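Here chain A shows up in two complexes: once beside chain B, once beside chain C.
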Partner chain A sequence: MTPLFHLLAAQAADPEVIDRIPSGYSHFVIPFTIGITFMLCWIGVGCIRLLYAIPQADRLKFWKSLFLPKTIVKNLKDLFGDCLLHVKIWQRKPLLGYMHSAIAFGWFMLIVLGHIEVALFVPARLNVTRGGLFYPIFYRYFVWMNPGHTTLRGSFFFFLMDFFLLYVLSGIALAVFKRFRSIVLGMRHTTKPSFADRVALYSLWMIFPLRLLAESFTADLSGGSFLTVGVNHFWHFLFGDKLWFTPCWWAYSICLGLFFAAMPFSRYMHILTEVLWILLRNAGIQPHHPRKGVAEAEIYACSSCGLCLDACPMNVQKKNLKYSSVYFIRFLRRHNEKKINAIADKCLMCDKCHALCPVGVDAPALRRAQRATVNNALPYDYSYLASAVSSGQPSGHGRVHSRFAAAEYGLGPAAVPETALTESKSPRVLYFAGCMTHLTPRIIKSVDKVFKAAGVDYVFADREGGICCGRPLMLAGRTEAAAVVIEANKKMIEESGCDTLVLSCPICFKVFKEEYHLAGIKVVHYTQFINDLIISGRLPVQKKEQKLVYHDPCELGRGCGVYFEPRAALNQLGTLVKASKEYDESICCGGSLGSLTLDSRDRSKISEASLDSLLANDPETIVTACPLCLKTFSEAVSNVRGRDINVSVKDFAEVVCP
Partner chain B sequence: MVDFGFGLVPSSRINLDLFDKDKYEELAAVEPDVRICMACGSCTAVCTAGKFSTTSLREAIEDIKNAQPTKALELLKACQLCGKCSMVCPRGINTRHLILSIINTYSIK
Partner chain C sequence: MKNNILIIGGGPAGLEASAQLQRMGYNVILIEKSPKLGGHLAKWDRLFPDSVPADEVLGGLLRGSEGVKCFTDTDVRAINRLDKSYNVRLTNGITVLSDAVLVASGFDLFDAVKKEEYGYGIYDQVMTNADLEAYFKTGSDRRIENPGRIGFAHCVGSRDEKSGCRSCSKVCCATAVKQAIEMKQAFPQAEVYCFYMDLRLFGRHYEDLYLKAQKEYGIRFIRGRLAEVSENYDGTLQVKAEDTVAGKPLKVTLDLLVLMAGMRPSASGKAIGDLLEMAVEEDGYFAVRSGIAACQRSPIPGIFLAGAATGPKTLPETLADARAAAMEIDRYLTEIFPDARNYKQLVRERW
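Right, the complex of A and B next:
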């Protein structure tokens, strides 16, 4: 019997892996090498051009963000979660999540493990001058396993490689199935692939079966595990000892080459661009142009998966599918100006496609940037704002009461305690109703009741009608004009000396929160403010026998992330039932100011769909926290034909203080 | 009436011969709702900017039909696009887009 150390010594002397082809090259690698070189050059030039197009201040911010500990953590988390594991897709559609991570994560592991194998067994080949570009990819072709010298380590890698290959193949099988029946995987609509998409798609489907074929043919020489060796035995059973593996390796290489060559023109560019986009996104850089700089990263990061098709509220009508974000981005990519403008103007800006996008592409921001290219330069004249702010608004002590307006809303003069204006004994609260709330004064009345019941001293900023918050202008792409309005409002608020600004309109809330930069003033939505009043016990509430359903207004929920405060408060007031789509999946009421061109008939279709979702669990009352939603639903409820629905639509404050 | 070419106030004379039909059709192609306005004035009644400045969508549409687009543009300059008018319009006119389209079509570029 040979002593163990002799065996080990023999193994050390005879290598486990022998270079079968000493030159480390064969002609079949040419297609792959051409494809990958082209793609790498394209992306290298693209990256430089892209970063060059970003304004210098933003570019500096980007480089800095790469070294901030906070963004480093977030970057790592997002890169692993979004790019490799696809947590977002798993959470929403598990089958789709499996399909995508099988292909993406599986392939990634195959590439990484292939390189590790080369590094362990033939490290010299990692050198680019000695074939480092293609050698690890076609490793199995070039080596010969020394029989009887296979170690546990080697077998382990064989097993892993086969395991991940099987994993990828299962994903491919699902992907092929999805082309025919996407609904099984949870997608009602899928995108129509473009020509380049098709080339890349079909070659991607072919790559892995061909890889299995090629590796199973060579498994005699270069080894394998359960999958490749098993298939190898099958080939021997079928064809005897005549195995022609060179054509398989050629086909495998051609498919890889084709895929990489088509990649820059297809949706698969997202594989690499997503990394850059995540870094830019986490650096907090906003697009200034719909096509250049950050926008370009977004456009190429879009995987054209079509999850936004089912998300878009406009798509209750099939004719509107063409206005979805995925096609908007496709036309942006193709510089199709005419179509881009039509699509950009149609969108309701409900932000649902952004919230549900697995890559986090902010299509509404791109649409705004696109609208700005048309509308930003239009003339405007807001010179009247200077006088408007000083006379019509409560600028400190010089405020004039309008008894008329107070009577109109049914508010007594006591609604505004004079003491609150002169002596700031308690934190001063300023209430800004906004344009839309003035059209639905029942909100103002209820808010007043709530404030009185809780004993909140408040000043009503736009009792006699203020000026617009600027958000509608921004949504229309008129950023410069919006800045003027914002400046005027900001002056008014800062002069009022308040420390809390309460808003009842989510449209105002979003812009006040994001664009006003009010130092030392807390900007809250009235749902948050009232919820705080209830928690602190200042506002006594009673739970009633009523079934409520809450509608998340787009600008409040997805726009500002306020989901829980209104629900917490409503839970104290009645039984809150679920809508079929809620939180970030809630459907726009159809009344959004975001759309410029959507007509009233299309809007009412959206209202119906939204209403259907809300009525899923037979609520008695639909509660919303936006004047636009309130108006839209009030009309939609009365217009539903052929159905007997008995539901009232109320504002959040109305439910709190009926 | 004789036009002397000067006056204390700008001329308010309507001259329908000056009506630019092509321009109007161009506008109507972008926003067909311009044709269905019935000049009720609800938009003007609720207008946010109208509180501080002379602005009226109703009047602007009339001005365009009366071949006075400059007057219309002057009126719409103050608009803040807040969208209150679209909420009250009994004809369901897409007022915000109409305003943008009027400015876009009739502005001298």
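Right, the complex of A and C next:
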């Protein structure tokens, strides 16, 4: 065994790596160079155009965010977690996560290590004028290892390069397998690739086997480790000393070139645009248009992986696959106006595709923006509202104040509300039921019971029926009309002098939380409020012998992140069993008012699927905290065909105070 | 000619068909799942358009079907088809070998609790058309105490995709007009409102009834569906609607709201259909051989249908349908059934 200092001495005397081809160029690099140059130009121009399309203020915000320590940390975390390691996919589908991270992280490491090798052994070649664009990629072709001068450092890199190549190859093997049997990797449906996708896909499949082939042919010249050297011995065993490595390097380069040339038109553009999208997303910039600016980054960040296909509640019927977010984004990318609008209107806006998206593409927000482009321009005649006000009918701005007064002082001479009598001029707690709750009056009754049991003095803001919170208008893309409604409600609430606003409808809750900006007023959902009442001991509860299952309403769970409080309260009231899909994977009840065009038969199929998930552990009662879910499930349980189910559907407040 | 015929359902259709078939000389067995014959008719007080007492009509039907073997409190436990006839096991332990089966399972009233926004079962002062008829019959209902303002909501559970029924129930418009008049007669001081989408007063005298309601009784018809109902502290109801003629949203305080619950396929009829594997259409009612030329024949040979089992019908329509079914059964039992050798071919050609 040679002592280590001898090795070091030898290295000093003779170089470890010798330029086998002094020019550092061979014709086979041409396809790769063309491909990558095209792709880099394309993305460079694209980035400039994109940043130019962002409003001035947002652009400033973006540049600033790049230097804020908080966002820097978040950016680094997300770039590593989302782009390279695919943590979000790992968490849900480990095998799929392994596949993606093997290809992404493995390839990334191959590129980085390749460059480090060049930097260490032939640093001059990193210069672009001396082939820096392609030399590190085809490093093994151009060099010759000086036999007997290999250092530990060189072997270490040989090993790493082979290790990561094997890692990527295992990912590719899984990807090929996934094409045929995706369900094994946890995907029921996969996306239909477009033509460019296919070109890129097949060349991607070929790149790494060809790289192994090429590097193994040259392994006895340029070195290698367990994989390439091993395969090299195998070739020698098969073909003797006749090895044709030039065609292999050509093929490798062609596949790379083809991949990069197809990339801008294929789903694989996400590899690079994802970075930009994550930076923009973390800067907190919202899309204003479904196609321009930030939205463009979002659209190109979509990896078209198809995880949203299985997530989408509409896809219990195969015919609805075409309305999934992945296709919506694909058609946005292609500017296919006709299809975009049909798809945008169909969505239930349950936000599950967003919650499950590995890159966090907010497709529902894009759909909303798309709806706004059409629906804001629709003419609506509200002139009758003015005449309604003059004839004593409540509506519009003028109504708000009078309506609130009515809630405080009674409905008229005939009826004086009890709460108003005991109420001081400025109520502490204001309860806003909202339109949907008015359609399910048992919730109003139960909430009243709960408040009375806990001794909460409250004022019912919309006893006589209020004006809409604005969220349905926003979901329909009528942002301008929504702004008018929001302004009117805001005035009413601020004038009430309350310090807590309680909402029983998650649809209202979301918009009150996000759009109203009520200074000094705590906006809470009644599940949170009631849970606090129970914790503080103001509301005595008793645990009963009952098996409950809780349905996470879309707007409350995924929309506002309220998962814990309703469950905490229900655990005090009975035994809470699990649904097969819950928390952010909860399935929309089918009644969502987010969809503008989905018909009742399709909706009932969704309700059935949602019920199936809820009934997985044979609960006696389905509890939900949304009037729309309550209504939908109440109707759906009686219509489930071919099954004998005996389950009641109750609102959260009903369970608290039966 | 003494074929056994089983009639399932002792409502108007079943009674009328059994009377006709008995007259033709058949051996009729009528079963009724409830303790009393007459179906919904037995629960009604007076009938539109001429306010004929329901008891009178029912009495006539019962007299006509005297002598029919009748089992009340009886349902079908199992049915199996033999070569041509049906072997029917009843819940009272009797087994009937029947050459033809007439399904006259009728309808159920839409469960108004499901239309929660109208508050039936939640607010005290909301009732249904059936509740009001019961009041007319018995003269007492805790909800009715000299009401000042009464509202009738048409189309509750019919023509309403949201409650799972797209089609019209046919009888509610005329019933609402009739009941509105009757309430006005009972409480002349009351203001009566009808909230409708459009009035489907297609039958003879129906339009006259509607005119009379407006002219003589001053009943106010408001075109617009109820949006929602809420309860005031004093128990009165606050009703929100839209007057689509005036193009205005509307709010009315009412002392009593009557919901015109529509017709849904009967649950017990569905159970029989499941036993027989009979086809139902999307609306839940039984499918017929032909919607125009053979409305009383089911797709299964030997199984006949009459009355509201094949969709909403008014009472005269139901009776006519039952008579037609009797004729169809007679034709089947004389032309097709006896010819054992050519039975299958005849069924193919003439069923």
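By our rule, the second predicted complex is superposed on the first by the 602 of 658 C-alpha atoms of A that agree within 3 Å, B and C clash if a C-alpha of one lies under 4 Å from a C-alpha of the other, contacts with A are read in each partner's own complex, and residues count from 1 in each chain.
In the analysis below, contacts are C-beta pairs under 8 Å (C-beta built on N, C-alpha and C of every residue); 3 or more make two chains touch, one makes a residue touch a chain.
Keep in mind that what you see is a predicted model, and the values were worked out from it rather than measured.
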(message) Contacts for A:442 in the overlay, against chain B (first) and chain C (second): which applies, first, second, both or neither?
(response) second
(message) Between chain B and chain C, whom does A:378 touch in the aligned arrangement: first, second, both, or neither?
(response) first
(message) According to the stated criteria, A:463 is in contact with first (chain B), second (chain C), both, or neither; which is it?
(response) second
(request) Examine A:536 and indicate which partner it touches, taking first as chain B and second as chain C; both and neither are also allowed. (result) neither
(request) Determine, under the contact definition given at the top, whether A:593 touches first (chain B), second (chain C), both, or neither. (result) first
(message) One more residue to check, A:631. First (chain B), second (chain C), both or neither?
(response) both
(message) Shared contact residues on chain A, chain B side and chain C side combined as an intersection?
(response) 384, 387-388, 438-439, 465, 600, 631
(message) Going by the contact rule set out above, which residues of chain A touch chain C in the complex?
(response) 384, 387-388, 391, 393-395, 410-411, 414-418, 438-442, 444-445, 463-465, 600, 631, 634-635, 638-639
(message) Which residues of chain A touch chain B once you look at their complex with the stated criterion?
(response) 345, 374-375, 378-382, 384-385, 387-388, 392, 435-436, 438-439, 465-468, 470, 472-473, 476, 478, 481, 485, 591, 593, 596-600, 628, 631
(message) So in the complex, the part of chain B that touches chain A is made up of which residues?
(response) 31, 33, 46, 48-49, 51-53, 73, 77-84, 86-88, 92, 94, 96-97, 100, 103-104, 107
(request) Report the residues of chain C in contact with chain A in the complex, numbered from low to high. (result) 114, 116-117, 119, 122-123, 161-164, 228-234, 236, 238, 240, 247-251, 253
